Amino acid sequence: MIDAGQHLADMRARAPLVQNITNFVAMNVMANIMLAIGASPAMNHAHEEVAEFAGLADALSVNIGTLDPEWVIAMEMAARVMAEAGKPWVLDPVAVGATALRRDAGARLLALKPTVIRGNASEIIALAGADSTGKGADTADDVSAAEAPAQALARQTGGVVAVTGKVDYVTDGSAAWRVAGGHALMPRVTVLGCSLTGVVAAFAAGQSPLEATVAALAAYGVAGEMAGRVASGPGSFQVAFLDALHAMTPQDVSARARITAA
Amino acid sequence: MIDAGQHLADMRARAPLVQNITNFVAMNVMANIMLAIGASPAMNHAHEEVAEFAGLADALSVNIGTLDPEWVIAMEMAARVMAEAGKPWVLDPVAVGATALRRDAGARLLALKPTVIRGNASEIIALAGADSTGKGADTADDVSAAEAPAQALARQTGGVVAVTGKVDYVTDGSAAWRVAGGHALMPRVTVLGCSLTGVVAAFAAGQSPLEATVAALAAYGVAGEMAGRVASGPGSFQVAFLDALHAMTPQDVSARARITAA
Amino acid sequence: MIDAGQHLADMRARAPLVQNITNFVAMNVMANIMLAIGASPAMNHAHEEVAEFAGLADALSVNIGTLDPEWVIAMEMAARVMAEAGKPWVLDPVAVGATALRRDAGARLLALKPTVIRGNASEIIALAGADSTGKGADTADDVSAAEAPAQALARQTGGVVAVTGKVDYVTDGSAAWRVAGGHALMPRVTVLGCSLTGVVAAFAAGQSPLEATVAALAAYGVAGEMAGRVASGPGSFQVAFLDALHAMTPQDVSARARITAA
């Protein structure tokens, strides 16, 4: 069994420096979410420093949300450093099926074998080359439809693939887990998925990728449930979610995590 | 009469995919406001994908807040796609009178005949080529001073022009409406105007531009009044405003909208 | 003695237009914090307009958080305008010691003699060319370790240097002040330091730089203490902080400011 609370405690003790090459919509909230749960986030993207900074970081998250070709090059530069150093990096393939630019960026980053890929069902399906109905950052497919594509992607990269949604699915191509939790308001708050990718990177720093990913998703879900009990809409949810990420203890997470073998 | 609640219900039923080429300050809040009221926002700007993405989108919003020449080209590329496809696009001419770069960008985008232009009084006056006293994103002119420039702009573009302020003024060059509502704290929260432009784009997807714009402004004002009743400052206002945008029903909006013929 | 409340009242009466060339993480929150306390912020960065806009602005803040070489050029262009016009500009050397790009940008901006430099201990130590242990935007050094480097920097630039932390230290190379206040949650909320730099720029518009900087830090600390009394985590702190910045009176600040000669 995976003890998500123990993984949270380990992450907090390490307080990993996580480099994030992410989209403009996510940057502020992602930094706040990572600080609230106990990591140390840093955002940068210049070709002149991303590789050097990757050398300092404990983990990397890469997100193609507001990509352009120069940013994709920066993502590749940093990902290569992490891969060579044996440090984890996590890919968030935002709306990867929507345009040729995104499909190309997805393929190039996939070739660098991300330690973990985290996306919604439409994104995982599109990244695996299957047919999806999603267009923007919002999913149009169910998690269950992405299970086989996720397994195929995991076997292709040798890494972990997480499909997040109502009940998340995480696989390394052989073992697989389901993670429940969260709250119905979460899709009504922007970049909570993007920010989760940074949290996965923080957990993966120095921890086994499969267990770390499952634990990060479970902890996020616990915080979402805590926030949902006091929120009255997407604005107050966001506030309560940050408070919950900061206040929740490893014991809270161990007791409330909803993880089952798939 | 314009039934703003009915327009809100129609927008929510459609949940339009709105492409936003907007400024860095606005991106996160704008996405949250659009999600809260029921639209599906997407932010992107790369020359390699904006036109392709515009083909997928139901509406476009363009905002020159943190512009540079490359971004202006992206705005033109996307606006052309919308215009050719007969889909609505909305221009937000942030601080258009402040610098030569902004005046040039304003003129180039104006030439592409935006379906709707939404700005504060200083911006509408400057865009129309009249004299304004505004410098930054904050207005220095009253809405009433911008009525004639708004009419002239509307006749020039064949579109709708909305001047927002204490009481908004909306015209298509012949008919005109006034919309009251909102709250005194709104100018103390950044990018609520920018975000409204995205909401106008969402309402305009598949709806008549003049009525859609008036309805969007009225719904926004109702949410602002709801938020103002529970807020104790600009921080809590922002939270309450997101909650109100999400919670308000078409019936709330129909009952409380303050629309009058001008 | 420095009457921080009087400086706040003067800043509010002036409502200075402050140009901010800052990082993507900070932009929204910084604008909201500056609006809440009573300034008029504007964000822009295009080479084609930064110098022209600087001519309109009352003060400038420059922050290298998500820098790239083109942005550094924009910062230099705007800083030169302010220096030539005798208007204040404030430098925030985010993570300046982390990479060669940052060290180079720091040196180039330092050569333009910022009116005020505001950083955490690790940043001030690194900018002064001393040895620091900090890597990302979070400090790894105590304020006390940065006092001598701050004095050296102030004498080098002829300006003011502020080291912020648990108790802030401000010096112009001869006089020095300590400012207490704030709340333990503040380092758990991103970009509150970056935003403070904008507030310092607003206070410095038309005011003596040393006194203005001390007063800005003291007012920020008072708002932090007010927010800390009602916050239950980093999410609610951020909301309460904006409300407090807006609600606090000059009298509140005069009565609660914790300023001592160093």
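In this document, chain identifiers A, B and C correspond to the written order of the chains, with residue numbering beginning at 1 in each.
In this text, a residue touches a chain if its C-beta (ideal position, glycine included) is under 8 Å from a C-beta of that chain, and two chains touch if they have at least 3 such contacts.
Here is each chain with its UniProt name: A, B, C = Hydroxyethylthiazole kinase.
A quick note: this is a predicted structure, and the numbers were derived from the prediction, not measured.
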In graph terms, with chains as vertices and touches as edges, which category applies: line, ring, star, complete, or other?
complete
When chain A (Hydroxyethylthiazole kinase) touches chain B (Hydroxyethylthiazole kinase), do the two copies use mostly the same residue numbers, with over half shared, or different ones?
different
Rotating chain B (Hydroxyethylthiazole kinase) so that its CA atoms sit on those of chain C (Hydroxyethylthiazole kinase): what angle is that, to a multiple of 5 degrees?
120
Note: chain B (Hydroxyethylthiazole kinase) sits from chain A (Hydroxyethylthiazole kinase) at a C-alpha centroid distance in Å of 32
Touching two or more other chains - residues of chain A (Hydroxyethylthiazole kinase):
24, 27-28, 238-239
In the complex with chain A (Hydroxyethylthiazole kinase), residue positions of chain C (Hydroxyethylthiazole kinase) that touch it
23-29, 65-69, 95, 98-102, 135-138, 187-191, 232-236, 238-239
Can you name the residues of chain C (Hydroxyethylthiazole kinase) that touch chain B (Hydroxyethylthiazole kinase) in the complex?
17, 24, 27-28, 31-32, 35-36, 40-49, 52-53, 56, 238-244, 246-247
